[in-house]
Structures are given as C-alpha cells and as structure tokens.
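What follows is a structure written as structure tokens; I'll ask about it next.
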Amino acid sequence: MTPKMLLLPILLPAVLAVVLLLLPRALRLLRDILAVAGAGALLYYAFVFFSVKDLRLAVPWLGMGIDFDLRLYHFSSFILLALAGFLLLITIYTTVRMKDAPRGREFMAYVFLTAAFANGAALANNFVPLLFFWEGLLVTLYGMITIGGRPTSGRTAVKALLISGFCDFCMILGIGLLWSVAGTSTMSDISVEPTGLAAVAFVLMMIGAAGKAGAMPFHTWIPDAAVDAPVTFMAFLPAAFEKLLGIYLLARISLDFFKIRPGSGLSLLLMIVGAVTIVLAVLMALVQKDLKRLLSYHAVSQVGYMILGIGTAIPVGIAGGIFHMINHAMYKSGLFLSAGSVEHRTGTTELKKLGGLGREMPLTALGFTVCALAISGVWPLNGFVSKEMVFHGAVETGSTIFAIAAWVGAIFTFASFLKAGHSVFFGERSKEVPAVKESQPAIVLPILVLAGLCVLFGVYNKLPLTLFIQPILQGRGEAGAHVDFTAHALAVFNPVALISIGCLVLAFLLHAYGFRKGGRKAYLASEPIHNLPGMHQAYDLAEKRVFDPYDQGLKVIRGLSLGLFKGIDRPIDFFFEKIVTFTGAKFTGILKKAHNGHYANYLAWCLAGLIILAGLIGLLAQ
Amino acid sequence: MSNTWYLYLFFAAALIGAGVLGLLGKRNLIKLFIAIEVLGKGISLILMGTGLAKASLLTAQALVITYIVIEVSLVATALALIINVYRQTKSLDVRGLSKLKG
Amino acid sequence: MIILFIVLPLIVAGLLPIIGKVSRRVLPDALANATLLALLVYAVVAGRGLIADGPVLQQLSWLGEAVNVRLALDGFSLFMLMAVSLVGLAAGLFSIDYMEHYGAKANFYALYLVMIAGMNGLILATDLFSVYVFLEVAAIASYALVAFGLGRDELEAAFKYLMLSVVASAFLVVGIAVIFGLTGQLDFAAVAAGLKEVNAGPVLGLVTAFFLLGFGLKAALVPFHAWLPDAHPSAPAPISAVLSGLLIKVSGVYALTRIFINVFGLTPALSAVLMALGAVSIVVAALLALGQKDMKRMLAYSSISQVGYIVLGLGIGTPLGIAGGLFHLFNHALAKGLLFLTSGSVQQATGTRDMDEMGGLAKRMPVTAVTNLIGSLSIAGVPPLNGFWSKLIIIVALVQAGHPVYAVIAVLASVLTLWYYLLMQRKAFFGKLNEKWAAVKEAPFWMTAAVVLLALLCVGVGILFSSTVTTWIQPAADILADGVHAATGSWGF
Amino acid sequence: MILQTALLIGLVIFSVLAIVLRDLLKSAISLAVASLLLGIIFFRMKAPYAGAFEISVVAGLITVLFVLTIALTKSGDDVRESKIANWVFPLVFVAFIVIDALVMKSLLGKVPALPAAAEAGGFGDVLWRGRTLDLIGQIAAILAGVFAVLALFRKKDKHE
Amino acid sequence: MNVETTVLLTILVPILGSFAVPLFGLAAKRARSAWAVLVSGLTAVLPLTLLPFALQGGEQVIRKPLVQGFDFILVVDPLAVFMAAVSSFIGFLIVVYSLGYIRHEENQNEYYLMVLLFIGSMMGLVFSGNLIFIYLFWEIIAIACWRLIGFYREPAHVRKADKAFLLTFFGAVVMLLGFVQIYGVTNTFDITAMRGTLVPGTAVLLILFGLFSKSATVPLHTWLPDAGVAPTTVTALLHAAVLVKIGVYAFARLFIYTFRLPDGWREALPIIVMISSLVAAGAAAVETDFKRILAYSTVSQIGYIFLGFSMMNAAGVSGSVLFILMHGLAKAGLFLCAGIVIHAVHTKDIREMGGLIKTMPVTAVAFLVCSFSVIGIPPFGGFFSKFLVILGTVQGGRPWVAAMALFTAVLTMYYLFKVFSMVFLGEAKHPAPEGTKSMVYVVAALAVLSLAAGLFISYPMKLANIATTQMSWWLR
C-alpha cells in the first residue's frame, strides 16, 4: 500500500467517467458492466483503505506551501467507504432507471466524476486540493440537474449552481482568512482559537460546509431540483454525497480547525442554524403534495439535526450528528430511490394521483416504510439512535430550546411520512394510475439494501458507532476518557427517549386527525396545520418564494446590476459619448462663429494681439 | 538737427495710424488698398527717418527704393486681384468677401 | 555656390514663360522638377560637406568686384533648405498631373519657382531687410498661386490673405526700421552686437511685438491666423502643401526663430510669450479643426495647431526644446504636405472637398487612403511615425524645463488632433463606400508617386528617427542653442 | 525746418483725404499728391534718389495703376461705407495722434543711439555693393509681380 | 538559436510578415491565408523555444544603442516569455479561426495585415525594456485595433472604432506624460536602470490612467463593450487574449518589475480595481448583446488581474500571472463560441436565441467549459488563478476587497449562466448549424486547453512562480 495508491479513488472514477462518456451507445451493456465493476472495485478499495487508515501523499504542486496533499485517516477513510457504498448502489440503480433517458450515458459519467471529486475532497489535506475537488462538484451538479430535461431544468441548475457557488466562494474567503491566521494551508496542521478574524473564517467556512449539506438558507434549490432533476440525482447528490461531504467538512471545521467549545457563541450559532433548519424545513415538508418535493424538504430538515448535533460541541452530540449523517444518507437515498421506483412505474410522484400501491409494489413499499420509519426516528431503527444522541447533546448544553426544536421537528417528520406513506402505498388504490408491476431487481435491490442497513445500524448500532464514529471523537471530551456511545443507544426508559416516543405518538394522532378532517384522503392529512391561522399566510408567502433567499438574492443582484449599469457605467459612457463631444462641439461652435469671414474682424484681432503682446512683453520684461 | 528724426517718426506713425484705421473702417476694396498705400508712405518715411538718425541716408535710400519696387509688385498683384474679384462678384464691397468662414 | 539656391530657380522661372510658348506641358514639368531635384541633391549631398567646418558666410565676387551678397549657410539653414527642396519637389511632382486642368502650367511653375527662390533667399539671408524682401517675394508669388484657380473662393481667400499679410509685413518693416534706427545696422551679427550695447528696453519690446505680429501672422499663430484657413484650402493642392508645409514655416517660424534667438537672444519674457502663443494656437486651432467639414480647411486649421507645437518647442529655449521644435517643423512639413497632396487627389477624383459627401474612398483609392492615414497619424503623434518623436521631444523638453502645464496642454491637444483626424478618416476613407463614387479611380501616376514619396519619408523618418535627429536636427539645433542666453542643461537625452 | 514740418502735415492731410474721400478718383489723386509731397520731403532730406523714385514710381506708376483699376471697376463705386466709422475713426485718429505725440516726446532722448556710422562711397556703391542681395530680391519681386499679373489675367481655359 | 536571435525574430517575423500580406493577397487568397497562418504559427512557436530559458529563471537584456536615452532595449525574462507565449499562441488560434470566420468578407488583406501587426507589436511590447518603446508598440497596437474594430466599415462601427482609438490614445498619451515625468526624475527611459526607484505619485496616477484605458478599467472602459462591433475574431483577440492584458502586463512590468509604488497607491489601487470589476459585472448582467456581455465580463476579470498584482505578494502576483493565461484561453473561447453563434443566427441579441445546444453541441460545451473557467470553478484553469488572487488579497490584509471579489465572482456566475441558458437551452428559435471546421476545432481546442490548464496546473504554475520571484525584487 504505497501513498501513490491514494490517487486511485480519484483517478479510477475519473478515468472511468471519461471512458463511459466516450463509449458508443451501442455498447450499453459493456458500459453498465464497466460502471458497476468500477464502483465495486472502488468499494473494495474503500474497504482496503479503511483497514489501512493511515496514509499520506504529499507532492509539491503550486509552490508557496501548496502541496498536492492527500491524507487517509479514520475519518476520511470512513467517508470514503460511505461514498463508495452509495456509489455502487446508485450505479446499480442507474443502470436501469436511466436506461432510456436521453442523456443517460452522460449521467453515468457525471456520477463517476462526482465520485472522483468527492473522494478527492474527502482525502484532501491541503486547502487548495480541497477546494479544487470541492468546487469541482459544481460542474457535475450543474450537468446532472440539466439532464432532468424539463423546461425549467436549466433554471434550477443555475439556481443550484449559484447557491452552491456562493457557499463555496464564502468558503474560499474563509479558507483564505484561516490560512492567514494559521499560516499554513495543510489541514492537519491547523488548530486555531475561533476569535477575531478566525471567527469570521469559521463562519464563512461553515457557510461553505452547511451550504453543501443543504442547510437553511442555502437549501432552496433542492426542492426545485427534486422536480426538475432526475430522481436518481436526488438520491445521489443532495441525499447522500453532499450530506456526507458537507457534514464531514463541518465536523472537520468544528473539531479540528477551530476549537469550538460548548456554550461558545459559535456553538450557539451552529445550533441556531440547525434548529431553524429542522423546524422550518419540516414545516415546509409537511404540506408538500409531491413525494419528491416532500422528500427533498426532509433532506434539508435532517441536515438540521446533524448541524445541531455538531454544534453542541459535546461529544455525544457531535457523534450523533455524524452518525445521523450516515444514517440520513442511507434512508434518504432509500426514500428517493423508492420514489424513483414509484415514478419509474407510474410516471408520477404526485400524492394526489397515487394510492394503494403497496400491493403491487410490495418490495418498494417495504423499503420505503423502513426508511420512513428510520427517518422518523422509530425505535429500534438507526434514525432513533442518532436522533437520540443529538437530543441528548442538545439537552446537555443546557439550552433546552434546541432540544425542543428538534422534538418539534421529529413530530412533523413522522406526521409527514405518515401522510406520504399512507397516500402512496396504503389506503385506497388510486384510479388515476393504471395497474403496475414491481420494479426491476436492479431498482429494488439498492432500496432493500439501504433499508436493511437502516435496520442493521439501528439494531446493531454498536458496529457503526465503534467502527466509524468513536475513533473520530477519540481524545475529545474529558481528557483521557474513553468515548463510548453504545451503552444507552437503544435505551428507551430515559426522559429524552420517552419524550421522543411521545412525539411520535403525537404525530400519529395528528395524522389521524388530519386524515379524518380531510375526508379520509391521506394526502390532505396535513391540511389542518396548513390552514392554521397565520401558518396559512406564511405558507402562501413561502410558495411565492418570498422566503427564498435565492429569489430575493437574484432580485438584489438584478437591482444592483441595474444600479451599477445605470448609475455608473452608463453615466461614464454618457460622459464620453455626449458630454465630451458636446463640450468640444460647443467650443468649436463659438470659435467658428468668431471666424465670420470678415476681413476687418481678422485685422482687428491682429491689432488687438499686437497690443496685448506688446503689453505682455512690457510686463514680463520688468 | 540731430533730433529732427523724431519729427519724421511722429508723422510716419501718424500715417501708419491713418492707414490702419482706414483698413479697419473702409469697405471699398480700392479704398482699402489706398489705405495700404498710406501705410506704405509711413513706412518709407520711417525708413528715411531712421536713416537720417543714423546718418546712413544712402543705405536708407537703398532700402526705400527696394521697398518701393516691392510695393509696385504688390500693388500690381493686388489690383489684378481686385479686378478679378470685381469681375466675379460685380462689387467692390469687402463685406461681400465673407463666404469663407467658420 | 550657395547663391544657386536663389538664382537657379529665378533663372528657370524667368525662362519658363518663353519655354512655355514652345512646349505647353512637358518641358515646364521637366524643367521645373529638375530644378527642384537639383536643389535637393545639392542640399543633401553637397550641403553637409560645406558646413562641415562650421557655418559658412559667403561673400560673392562678381565681375571681379567684391559685391556684398552675404549668405550664411549653417546647420539650421541647410536643414531648412533641405526641407524646402524636399517638400517642394514632392509638390512639384504632384503638380505634373494635378495642374493639368488649370492651364498655364509654365506660368504656374514660374510663380512656384519664384516662391521657392523667395523662401531660399529668406533662409540664406543674413540681413534683416533682405529677410523682409525675400519674404515679400515669396508672399507675392503665393498670393497669385492661391488665386491661381481664379474662382470666387480663391480670389476671396487670396485677397484676405494679401490684405492681412501686407499689414503684417508693414509692421515688420517698421520694426526693422526701428532696429536700424537704434543700431544703424541691418546685418544679423552686427545688429546682435549693436543691441547688446544699446539698452533700449521698451523700444525693443515694441519692436518684438511688431516682429511677433509680422512673423506670427506669416506663421499663422493665433490670433494672427485667420487668413490661413481661407487661403490654404483655396489654393491648388500642391500649393496648399507648400504653403502649409513650407511657407508658413520659412517666412514665419524660421524667420521668427532666426531673429529672436540668434539676433535678439531669447529672453525669459520672450520665451514665455512664445510658449503662450504656441499653446493658444495649439488648442484654439485644434478645436476649430474639429468642426470642419471641408477636408482642406480642417488640414489648414491643423497646420495652425501644429505650428503652435513648433513655436511651443522653440519657445522653451532649451536645446532639447529647440531640437523638438525643429524636428516637428520638418515632420510637419512632410506630413502636412502629404495630407494636402492626398486631399488634392481626392478633390480631383471626386470634385468635392466636403467630407460629408465622401465616404469609403479607401476602397477605390487605396494608395491615397493609406498615405493619408500615414500623414494623419504622423501629425497626431502616433508612433512609430515621425510626428510622434518630435512631439515626444517637445513634451520631454517641456517637462524638463519645468512647464508641466504646457506639457499637459500639448498632450491633450494631441488627443484633439487625433480626434479630428479620425473624423477625417471616418468621413472620407474609412467606412462604407458612398455609391456616388463607385466609379472613382486612383490618382494618376505622378500624384501617387509624390504622396508615396512623402509617406515613405514619414515612416522612414519615424523608424530611423535617431539618425535623422543626429544628421539634420542636431546641427540645426546647435546653431540655435548658441543663441539662447538661458542655455540650461546639456544637449542630448 | 518749418517748411519740412508743413510738408509733413500736408502729407498727412492728403493721405487722410485719400482715405476719407468718397470719390475713388479723387482719393487716388490725393494719394498721388501725398506721394509727391513725400518725394519732396525726401529730396529735402538729402535723399534725392529716394525722392525721385517716390515721385516717379509711386506718384506716377502706382497712381496710373489705381486709376486704371478704378476705370475697370466703374460701377463698383457705390459701396456704402460705414456711417459709424465715419464718425468714430476720425476721433480715434485724433486720439492716436495725441498719443503718438506723447510717446514721441517721452521717447525723445531716452533711446540711446549708437554713434552714427560714416558711410563710405556714393549711393551707387551702397546700393550695388552693400545691398546687392536686395537687388536680386527686387528682381525676384518684379518677376513675382509680373507672373502674378500674368496668372491673374490669363485666359481661363477650363478650370471647373 | 540563442536567446537574442529568437527574441528578435519573435518581434520581427510577424511585423515584417504582416507587411507581406498584401503582396500575397495580390497573388492568391489561399496564399495569403497560408502565409498568415505560417507567420502566426512561427510567432507562436518561437516564444515556446524560450521556455527552457525562462524556466531556469534566466534574464537577459539586449541593447541596441540609438540616440542616447532612446536605446532599443529588450528584456527577456520569465514574465515576458510567459506573456509572449500566451499571446502569440492565442493569436495563432485566432488566425486559424479567422480562416473560416471572415472568408466571405472584404478587406481581408487589411485584416490579416493588422492581426499580424497586432501580434508582432504585442511581442515587441512584451519584450521592450524602454518606456518609450513600450509606448511605441502600445500605440501600434492601438492603430491595428482601430482598423480591426472598424473592419465592417459600417458608419456606426467606425464611430466605435474611433472611440476606442481615441480613448486608448488619450490614456496612452497621459501615460506618456507619466513616463516623461519619470524621465525628469531619473534621466533615463531604460527600465533596467530604474529598478527599485520610488516614482512620484503623480507619475503613477498618469501611468495608471494609461493602463486603465488600455485595460478597459472603469472609468475608462466603455470603449471595450462598444468595440464589440468588430469581427468576433478581433474582439477575441482584443478583449480576451491580448489587448486588455497589455495594461496589466505593463503594470507588472512597471510597478512590480521596475518601480516601487508609493504606499498610498498600494492602499487605493485594490479598491479602485474591484469597484471596476463590480461595475462591469453589473453591467454584464444587464446587457443583452452577446458580445457586450462578454466584453463587460472581460472588464470585470481584468479587475482581478490588477487586484492580484496590486497586492504585491507571492500568491497575488503569481495568481495574476496565471490569470493572464487562464483568462486568455477561456475568454477567447467564449468569444469564439459567441462568434460561431452570431455567425449562424445573424443576431447578437441573446433574447432572440435559444436551444442552440441541439444543433451546435460542441460550441455549447466549449462555451460551458470556458464559462466555468472564467467563473473560477475547478477543475478548469480559471479556478487556480482566481483562487490565488483572492488568497493573495486576503493575505495582503484586505479581506473586504476579497469579499467583493468573490461577490463579483457570484455575479459572473449569474450572468454567464444566464447567457448560457438563454442561448443554448430552452426552445430553439433559430436552429442553425455549427460553423466551419476550423472554427469549431479552435473553440474545442480552447475548451480542452482550459481544462488541461487546470488539470496540469503545476506546469504553468511553475513558470508563473518563477516569473513572480524573478520580477518581485522585494520578495528576494
């Protein structure tokens, strides 16, 4: 295992992406085989790397202390492994799901390109390579959304790009500041106190990381993309890869680069971002009428838990956040994939049109249900474990308000999934959709694998916690204390867990009430909340995108641009085009008028000139 | 005697003044040229006057003669011009000669 | 035999009417141009050898008697003679085809040669009154040449030119007479010596003013310039070229410089006045040029503006400034000659001088357009053409001598200059071809040859500026620099 | 001396008359008279050659030229002269004379003059030896004048 | 071939070659095109042979004495070689592209003459070591531009050409005044003799005025968008690759290599250039004319280059050097893509375009790639240059300016993708085929180069670093 091997997770998918792109359409089978094999190889190597855990490649690159520096250690190897796992599943799924899509070949290439960039970002141990890979994701992000092929796809792609780009640019600035403060760009050498400029750097880098993860207020492209982009993309990037990377970086920032302490201002800031994201996004999710949009809002909402967890700066909270990251990636991918499966067969994801599909698509329904329960935090699934850890962390900080926010989130999460599951797979069979079959194995398999993992990570939470999470936090908390979160992971009889379970019950009641109120139509189950006084108006405004920072930001940008154009650029042009020429013409006009062709006039000038000159010479000579 | 040249200078200046004023005020082309002749007389006089002052009358005479010859050339040219102008415009008014301007 | 510069053209001029009876076209063409070529060759080939050991003061003997024809040939005058012969030759060549339709070619060349003789005489003269005499000779010839077309405009222009000129030269003679009255001398050296002995402050000031009026009007400095934009455009194109390129410089700038610097000595007051006059001329004329529609009139105003540069440079009085001024004089002679000649080509081809009626002529007259462009850019001071170097030297000299304001004016005015030349290019050459001129043809051979000659010189002098400066400008400037009292700084860059 | 002054005054008066008189012919004659007076003045200044030249050429030849021109442009007489100029300019002229007198008076004696240089030889020597270049210039000027007149009175064949 | 011969050839081949173009034009159209490609190709190759010399950090001064003070001095150092290689190479690509682009136009003789003259003068300027010769080549370039902008001879075009010429000439003569003032202080125009001199503040102001006018920096920028009336090849040459870089190159040459900048300027300059950058980006977001948008974008990007140089630290300077290359490639690519599009749909208004990705996929992808590079998104080359400039700004202690720069980058992203969406996505309004092969190859080559420059960044970066240490005497 030489350090050069570290290039493999980057180069292999990149090369594969090029190959896939260049393979002619006729060789589709070869393409699929190559893709799956490649992804499998990557997963294999990820395991190998995971077992090695400690490897570093540093070659001089740009000078000025900027090396091409890759470092494999427990955290990055964990992320690498997770990325590879998702890649394999998505690849398998894609081979079928994107088979007839007009730009399917391109999509596959993008997938591998994304994997290359993501692996690079996870491995990077220097800011410049980090940024290189991190921002490189923008390209594939843009490309994949446009593949959606809807008229608005392009616009949504630009939106995603702009928002992500904005976050990335913030991160560049943050990195620049941190670099100045720390004096080095090697990530493993950096650990600074978050004060003064460093605090600014932290906030900026946090924006970058949280933006990638899709936290509020940088989330608004995700629901749009849910509609405009291929659903595979949703399962792939916003649900899995971006969460992994974003939270990975956020954890690195908060744990390594900056010494964030519980109760400090920055910790509080993170927690506020987390809590706000949880509540607002879930409220939006609750009222969605489209499965993909609903899921996408949850993808946002769940980020809140992770940020909240990390923001507590308490080991259990951080561990919860990171664990939630991996869990979320699993069940959210599973959910999107099942939504994709439904869409694959029925051609729609609108809740209103769907219903009672459970019988025809039992495996999809099963996968969906497990994942939905996991995301809702139902005992003993993985979501329960990680959420509990976050709740504990939040409670431990002493600011119970954040814990309450998280619980509120939990209520609505479950409520909305009750609504979604109920309307799609259970209840009456909808008449708008013709009879369907279960999807192909290649589609169902990844869903079931993910569902299985959800169960595994919940029931046997010791495995991920000891294998993945605890090494990351080793050495934090009280000095020398051994970190162990497995003890009370599935414990039910403690106040926190009881409250959580109470929340779930409340959610069930809410759904039941709404279901009855809505004339036994599941998709209307959230209407009572939707129609609450005050809420309704807020929702309407939200639908009009009043709260969308992107739209507002665009307005600002347009206004600013117009202002700059009309206020500075055009006046300058006016100055050159009109004022200068006008002044010239004016002077010229006056002088031309003076030259009236009369000789006496000219003679008079001469004589006047003579007198003036004589006077002038007389004056100057003295 | 030594200061008589100031007298000539005074009168020469008067002639030049008259000539210049005539040039400024008159409108008839021929009148204008007569004014120039008056100016020329002033110049002849001033040349002689300075010659007198420097007791270089012979040189001064030479200068005046040269000046007169040039004046003749000039008058001939100018009058030829005036006649041509008259043929073109049928007028001797200098105000008519203001087509070129600006 | 320096006197050949004066006598040869006069003799040929005297013969021409007779020859004109024999051959109406060919012989006058050949003879006149051969004369000019001979003068050019003489100036370029022999002249440098003549003055190798310093200025030559030639006293002629005639029929065994020593007669007092005192001619001085030094670096400055040789330089001017060269310029006169060169541009004179180009204009002469141009006339071969251009003057065809005016008729009376012999008469034309006779006048033309008399004018050249007058200028040469002025350049070689060492005596104040002789300067006046030759100045009048050249002037009288030029009145007739301006009116040569005998159209209404020509006559009007010639008349105004004549009237204003006569007043100017009258004041000039008055000034000369006063000098004569003060010193009893007319010879440059003697007058210079005499003036040193006499302390004639106020009177000398008055004389200076008279001379400024006299030569300033010849050089067309604002406010004595008003005749020029009438006279130069009205003349036939080769004559415009010579008037703008040479006459105003010889009878205005050269005489002014010679007398003020070598005879009177450049006092700070005089320097200030000259620079002010120069700067005012530059700006006013450039603005006026901006508003012109008539191509030649624009060029005429441009001449005023450029003469302003020359006077500004000379007025600084430092060796560098003088060199810059002289170099600009030479460059402007080349470029403005070129421009007037091309304007003649255009006028002959299209029958109009109104630029609004032209348009896109580059398509039909490529040589004319390119040469015109070279001339325009040269005068505007765009490198690598010759005009750039002279303007640069002037500006460097201004900054070195501590006149930043004038430097700024000079620089900004060159932008104005470029502005109106671009207007000219746009309206006349660059742009869509006006359908009216679809049948227009390139100018005939000799006209094209003349403009190409000048254009090549513009480019050549620009590229080989350093050898031009060392060969021609430096000796000339040295002569003048000797005459500057306030000689500060050393020659060189 | 007094006679000389009287002659000079006469010269000025006739010159002014030449400018002021309405009738062109009369002006020309006034100018001729002025030239005559100037010639006499020259003569009395012991400058006989200049006097002779003045009388013969200026009073004679130039007057003839003027009269000829006036005859050739007969109907152009009726140029209306400026009324204001007729009033203002004499006043200005008087003022000018006064200033002139004052200036001359103040100059008197102030201007240091170099000792007069004695001239050797006669007029011929001075003209032919001393001012030879001017003679060439005169020839050139005459040539210029002749060619100019020829050019201006040539038969216009076809210009424009 | 030694360095001196190579450099002299680099300058003389295109200049003399340009004047031979009409002669070949008399012979045959094909001969002329071949000649133009040959000359520009040779010019592109010659600086490349200097690369080994530059990579060793070599510096050589060639001196041809003329009148004292006006010596013809050439300075061959990594910066010059870098600049020469970049501009001549892009120039070559543009000549190749022109073969297809202007083949039906009139005045091709003049076109090729001026383009070659432009390239040659650029080479001269790059290597010049005498202020006067810098100015001289500067103006020759202006002349060439002027003719090229007015290439189509429309009255409005010629007006714009005049405007461009006048404005840049105005700036240039003001700069000349600054040079002369420096001459007044140092008594020389030789920049090798003036290294490390502190120049007077007014001279800096005057010179910057000139640089800004040429590099189209606010408030002297409006000529550049107006110059978009030129053939697209020319705008690419003008805007992207070469012309506007002259100003920044001269800035590096004068204020980094040669003079010391007064402190006040070092404070003010970053703010000025960033305001320029922001204003131009705003204008680009409002405009609807394809080429004007790109032109404003150029103005905006030039601000970054100035910014990096004005920081005067290693990251900033080498970032800016790199920026010259990256922006040259990418912006030339954008313009040439625009050229293909405009050539095909016969309008410049992006509102009238749409859906072109279907009929011209290569162009669309090339446009996209170049956009990414201009915005500064990896793996394309533009990322590194922009990042280094911003890093330099932050390290220079101006995080606010860096924030402004990043905001401008967001704006850049906004308007470039607006353009891409409007032109290539959406419904097709004027379906039109792609251009000739030479045109498509060139844009594809530029896109590939933009990508390659990012992937193999360490090679150009090495040269940029060497150039930086070579010229930054205060870093040693």
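The first chain written gets the first letter, and so on, giving A, B, C, D and E; residue counts start at 1 in each chain.
Please note the rule applied: a residue touches a chain if its C-beta (ideal position, glycine included) is under 8 Å from a C-beta of that chain, and two chains touch if they have at least 3 such contacts.
Predicted model only: the values in this text are computed from it and were never measured.
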| item | value |
| --- | --- |
| Chains contacting each of chain A and chain E, listed by label | C |
| Identity of the chain that, by mean CA position, is farthest from chain D | A |
| Chain pair with the most C-beta contacts | B-D |
| Identity of the chain that, by mean CA position, is farthest from chain B | A |
| Geometric centre: closest chain by C-alpha means | E |
| Rounded Å distance between chain B and chain E, as computed from the means of their C-alpha atoms | 66 |
| CA centroid of chain C to CA centroid of chain D, Å | 30 |
| Inter-centroid spacing, chain B versus chain A (mean Cα positions, whole Å) | 97 |
| Inter-centroid spacing, chain C versus chain A (mean Cα positions, whole Å) | 77 |
| Touching two or more other chains - residues of chain B | 9, 19-20, 23-25, 29, 40, 51, 53-56, 59-60, 63, 66, 70, 73-74, 77, 81-82, 84, 97-100, 102 |
| Shared interface positions of chain A, touching two or more other chains | 592, 595, 597, 599, 603 |
| Chain C: positions in contact with at least two other chains | 129, 133, 136-137, 140, 143-144, 147, 150-151, 159-160, 163, 167, 181, 183-184, 229-230, 291, 419 |
| All pairs of touching chains, each written as two labels joined by a dash | A-B, A-C, A-E, B-C, B-D, C-D, C-E |
| Chain D-facing residues of chain B, complex | 3-4, 6-11, 13-15, 17-19, 21-22, 24-31, 33-35, 37-38, 40-41, 44-45, 48, 51-66, 68-77, 79-84, 86, 90-93 |
| Footprint of chain D on chain C - complex, ascending | 6-7, 10, 13-14, 17, 60, 62, 65-71, 101-104, 107-108, 110-111, 114-115, 117-118, 121, 125, 127, 129-130, 133-134, 136-137, 140-141, 143-145, 147-151, 181-185, 194, 197-200, 203 |
| List of chain A residues in touch with chain B within their complex | 592-593, 595-600, 603-604, 607 |
| Contact set on chain A toward chain C in their complex | 584-585, 587-589, 591-592, 595, 597, 599, 601-603, 605-606, 608-610, 613-614, 616-618, 620-621 |
| Chain D to chain B touching residues, read off their complex | 1, 4-5, 8-9, 11-12, 15-16, 18-19, 24, 27-28, 31, 34-35, 38, 41-42, 45-47, 49-50, 53-54, 57-58, 61-62, 65-66, 68-70, 72-73, 75-77, 79-82, 85-86, 88-89, 92-93, 96-97, 100-101, 103-104, 107-109, 113-114, 116-119, 121-123, 126-127, 130-131, 134-135, 137-138, 141-142, 144-146, 148-149, 152-153 |
